[in-house]
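Scroll down for the structure; my scribbles are underneath it.
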Amino acid sequence: MRNDGRNNNQTRPIAITTHYNKHAEGSVFIEVGETKVICTATVEERVPPFMKGQGKGWVTAEYSMLPRATQVRNQRESAKGKLGGRTMEIQRLIGRALRSVISLEALGERSITLDCDVIQADGGTRTTSITGAFIAMAFAIDKLAKDRNLKTYPIRDFLGAVSVGVVNGQTSLDLNYEEDSKAKVDMNVVMTGDGKFVEVQGTGEDSPFSRAELDELLALAEVGIKDIILAQEEALGPEICARIRRIPHAAATRS
Amino acid sequence: MRNDGRNNNQTRPIAITTHYNKHAEGSVFIEVGETKVICTATVEERVPPFMKGQGKGWVTAEYSMLPRATQVRNQRESAKGKLGGRTMEIQRLIGRALRSVISLEALGERSITLDCDVIQADGGTRTTSITGAFIAMAFAIDKLAKDRNLKTYPIRDFLGAVSVGVVNGQTSLDLNYEEDSKAKVDMNVVMTGDGKFVEVQGTGEDSPFSRAELDELLALAEVGIKDIILAQEEALGPEICARIRRIPHAAATRS
Amino acid sequence: MRNDGRNNNQTRPIAITTHYNKHAEGSVFIEVGETKVICTATVEERVPPFMKGQGKGWVTAEYSMLPRATQVRNQRESAKGKLGGRTMEIQRLIGRALRSVISLEALGERSITLDCDVIQADGGTRTTSITGAFIAMAFAIDKLAKDRNLKTYPIRDFLGAVSVGVVNGQTSLDLNYEEDSKAKVDMNVVMTGDGKFVEVQGTGEDSPFSRAELDELLALAEVGIKDIILAQEEALGPEICARIRRIPHAAATRS
Amino acid sequence: MRNDGRNNNQTRPIAITTHYNKHAEGSVFIEVGETKVICTATVEERVPPFMKGQGKGWVTAEYSMLPRATQVRNQRESAKGKLGGRTMEIQRLIGRALRSVISLEALGERSITLDCDVIQADGGTRTTSITGAFIAMAFAIDKLAKDRNLKTYPIRDFLGAVSVGVVNGQTSLDLNYEEDSKAKVDMNVVMTGDGKFVEVQGTGEDSPFSRAELDELLALAEVGIKDIILAQEEALGPEICARIRRIPHAAATRS
Amino acid sequence: MRNDGRNNNQTRPIAITTHYNKHAEGSVFIEVGETKVICTATVEERVPPFMKGQGKGWVTAEYSMLPRATQVRNQRESAKGKLGGRTMEIQRLIGRALRSVISLEALGERSITLDCDVIQADGGTRTTSITGAFIAMAFAIDKLAKDRNLKTYPIRDFLGAVSVGVVNGQTSLDLNYEEDSKAKVDMNVVMTGDGKFVEVQGTGEDSPFSRAELDELLALAEVGIKDIILAQEEALGPEICARIRRIPHAAATRS
Amino acid sequence: MRNDGRNNNQTRPIAITTHYNKHAEGSVFIEVGETKVICTATVEERVPPFMKGQGKGWVTAEYSMLPRATQVRNQRESAKGKLGGRTMEIQRLIGRALRSVISLEALGERSITLDCDVIQADGGTRTTSITGAFIAMAFAIDKLAKDRNLKTYPIRDFLGAVSVGVVNGQTSLDLNYEEDSKAKVDMNVVMTGDGKFVEVQGTGEDSPFSRAELDELLALAEVGIKDIILAQEEALGPEICARIRRIPHAAATRS
């Protein structure tokens, strides 16, 4: 039994408020348990210098935590005058993950910036950001595809993320903060709607892990991401789902 | 008639969600029209170096906008590597204003940091931040006064803020973004519960203003701040109101 | 009686050395009591990016203090690697104030940068900077108007600034450092030659102030600024005064 | 056949020059193919603030590339004034990986800093850095264990790293730069001497990958890391190997 | 004949206003031709961390130019967020030069900071800064020696600096800006009162120079520095001169 | 007798490994005693903004030390977020020195960046960098002259650098770290192949020096630079030497 009463293969409750921001081209407020993130998508008719003149678009992400998203107040990176390593690592991960399901050619020379701002943190902020950012991005691109009459629909598949880890000697799905802080192994997994891996980042700083543990963790992640993508489908609605041309999979079954 | 149907002496609707953040010692989510700010108060048992050893506390504030709080995305100050002049000016204002109603001696050698994060901006973000931060601070200090059994109650009075300006040749209360961007004169006023001024910042960059206009603007601000303090009283509840020992004033009457 | 023997409604002696710098298009060395500031105006045939292509000019200001302008040496902001909040606030104020009396259209696509460098500080450095910068700017623009044969004269009015405050329970004009450091209320006022307000910034951090006090302070500021503008007229000389087309007012009378 | 004639399961030639630097407590110059890295270990009798007073040591790493380590000159991060996201990500990875085989308690309140400076880059600079840094660290700790007569030997196991990826549709071991730049899937794997995983970081930005591909990549990595650890054993010599108390495994066999 | 009518072995007129700043422990306003620098000396009862506990003092310098000290406005280094290489080089030079004539032991654990702020630049700003800073420092140390009753007088000798160069094929003393900008060889020389060298910095970027030219330049510098030290003696007055225990040399004679 | 057995007029052994880096247009690994520097030359078909449109090229240098090049680890300037004064001073010196023997007109609108990275430091890192950078630059320019068929050969002469100083009361050539740290006078000299001076930088921070000492130091430097240029000739080979059209001088003779 876990500290919040869940089974090892259960995710926390997911709540998604769509169109949360009146200015952004796409936005959600996503809650996974007590972890809460605002994701907004901004569409701009220009690409960064290194992408210019290639007829392709770009998708990038920025990640930040409000100072009191955490139990102890963390100093603002704007006040420190620089981004920390953790922030950079996370926003590179989010951007890379989102690009994996987008056709940059179909997007045309435009850029989409996903801002993921963590309002309250309770474990899994990077995976919640990816999950929420995908929805915000999908709303923004869907609108763009209609407004600009894009020939090819730029979204190729759904994309969800979840954390897994070894806590108290047990492999567990979707760790909350308390679990995360005592996990021996910690892994973040990003997968597409058709069940392929986009990112696998496992680390056993406190204790190296065996191939058998790795296999168990990957299996749990697969279960969790199925649930997460179901929640994304519901948030985006049937029309956008249809345009992504994804064959909805059945809900994950578990013991 | 104003662009949103209000009379010149009317504030926008105010909504205050208390205890919005599970980690902070005090917190609110405040909405004034379409302007939305999360205010959290963090209590720490230490003071900045320049205050050490004086037996007094400190109250300070930080202010930030999410990148897409605005119509056009604004770059993060953490990415730029420094705080802009506007941000510094606003957070200095908020801190100064809040300190005016606090007895730093009664607080003891502790600091309270108010984080004001603008989720969505539609004019008046600095005054909304002050209004919201006062409530978050009051919750935090009230808890502190109980937990630490403070001899003197550190909060001396209520504190509210509002903007006024000259728009389309008319003095108007609580400007929204569209009004603000075409205002000839722009003034932010911060007042205490007993009707005294803490800050008056009026600027007529595009058009200097007369003493008569100044008087009209100050009168409007007084009306608005009475409404705002009523909303604060409701949010804080009768017990905390009683402890602040404030004699509640009647609602402002207007034509 | 004040610490330097002045009456409450008296400014300190004002001395203005014109054409102080051989390189700048306009320059003064201004002394208000023991506060000493070098103001230079630089004219450049370009505007900042956000102003391009509008056929309008721009006026901006920078403010700095020499490290030993103050009693205790203050660290250079160049060595710290960033501008402090106070500096930013002041230079934004100076720029805004100066723009209020300039027709940016008449200026054409040019920018004027006012550098205000405090050589010695004894209270009122920001108001002295505004007063001095106006003269440096006027010399530079007058020269420009002649050299470029500008159709409309870009200077619309004089501009002066002064501080007022409540010291030892008395409202006082033009505070020196010692007065400023014990003032309960501190207000900076910027006015035009025809007696209109450009900026009113009053703060009662240590003690909120009443409407009656505010009225007294504004009246004192008006008296002081009349004196200051007389000094400006003398420094600029009758020809430039005439071109600004200002009807000189009589000297302020006082009890 | 690969672009440099290797089989898919072959690493590039590994050359390790030990004691390369006369000042450092431990150092190597490691060459993996054309990738060349100087790794130095510095021992200091203090720990970072967040580790103080716990009776434990700390191991950290810094990573940098000379400007012309790459085909096109890259700007120095010291000249840019900040570390890039890639650098931060890599140095966090190196430090984390090294700590996984060290007993921080046995080390005592000391810190070891591993500097990995890439002299020439041809793919796999982060994995080569980990492999080389382990040797430099082992020399430094071994010396420390003797000099300070440490009760417990702080090194628990060997640690090697290698990259694997899918290039031209084939899973391949130890990618060089040309391969890396066209790889569809890219994975860095860090393992201990007893065959456990410390880090698994796989990314399929350009093309998500299946579970079958993931399994093949992990198997290749295991083969490569065995070779790498053999080279480490040879560089460290039988005495240190014995103190690490590792049972040497046989060389990897392959088809 | 030079562009300002001087002979090749003539310095520009030197004017020194002592006690220019009311706050600093020592200060001068020094004018060498049209080059004008404010030098202030600040005494603090502490030394930088690297000097602590050695019973010795420290002397350091900072150098800056006002933005419009130059013909074309130069951007503030505080606005750029960092000191340029030229500034750092100059302030290191000034500090090093001043320390050469001070007994740090006699000074005791105190630091003296010389701020050299160039008000107007017309060549030779670094040498003028050294010459002026010596006087400001001497006033500050003399006062300190009296106030603290120092056993040994910390000033060992006078110190002056001048530039020399090859302009229009001729070796010339004390270059002004126009000369400096077309000089083929440029040399700054710092010497003590007893005719020894403290710094010789010659550079022939545009044209290497022979030993014979070097000898001529050094001879010219010697002549100029004698004049400069005479001016310093006059500024400091006979009492301080006597305490420095320097035997005044006769004025340099020249053809 | 010196601490490493050399006579006062002897340089340390010089070893030059050419073409050390496979990517750079020119490169060497230079060892002068235990001081070791990698120098790479990068050719780019563009010039910095201030050189644009003049039909001339540019040569610049960057200098850095690996953290453990020194006995005690020095913090990376990339981690500090800015270049130190010493680094800036040195890289300005290297660039200036190299430009003195190059015809920027003959080079055409291209820039050459010399990166000097100190792998191990034992005194004389800046002079070793200049000596090595000249060779790397010569290889790069020679290749460029051939590839682009330049009309005029851009290299005008050889360029070498050495340090001299007064150690234990004796003038000495090519100081190692131990000597340098106790030298009373320290001088860096850069000379061309035909025996002219490019830079003379002498400093007597701890003890001013006489003209006689200066003369002795310059004579020693001349001897050392002859040796150094012989080593450069050998490294570059007869063909490039011939193109530089330098008449080789005989080896320096000494007592």
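Just so it is clear, A, B, C, D, E and F label the chains in written order, and each chain counts residues from 1 on its own.
Note that in this section a contact is a pair of C-beta atoms (placed from the backbone, for glycine too) under 8 Å apart; a residue touches a chain by one contact, two chains touch by 3 or more.
The structure displayed is predicted, hence computed values, not measured ones.
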Target chain E, source chain C, minimum contact steps: 1
Rotational angle, Cα trace of chain A fitted to chain C, multiple of 5°: 120
Of all other chains, the one whose Cα centre sits farthest from chain A: E
Computed distance of Cα centres, chain F from chain D, in Å: 34
Distance between chain centroids, defined by C-alpha means - chain D, chain E (Å): 52
Touching two or more other chains - residue numbers and ranges from chain E: 81-83
Ordered ring members, chain A first, chain D second: A, D, F, E, C, B
Of all residues in chain A, those that touch chain D in their complex: 82-86, 88-89, 91-92, 96, 99-100, 187, 191-192, 194, 196-211, 214, 218
Of all residues in chain F, those that touch chain D in their complex: 21-24, 27, 34, 38, 40, 42, 44, 62, 64, 66-71, 73, 76-83, 87, 113, 115, 117, 119-120
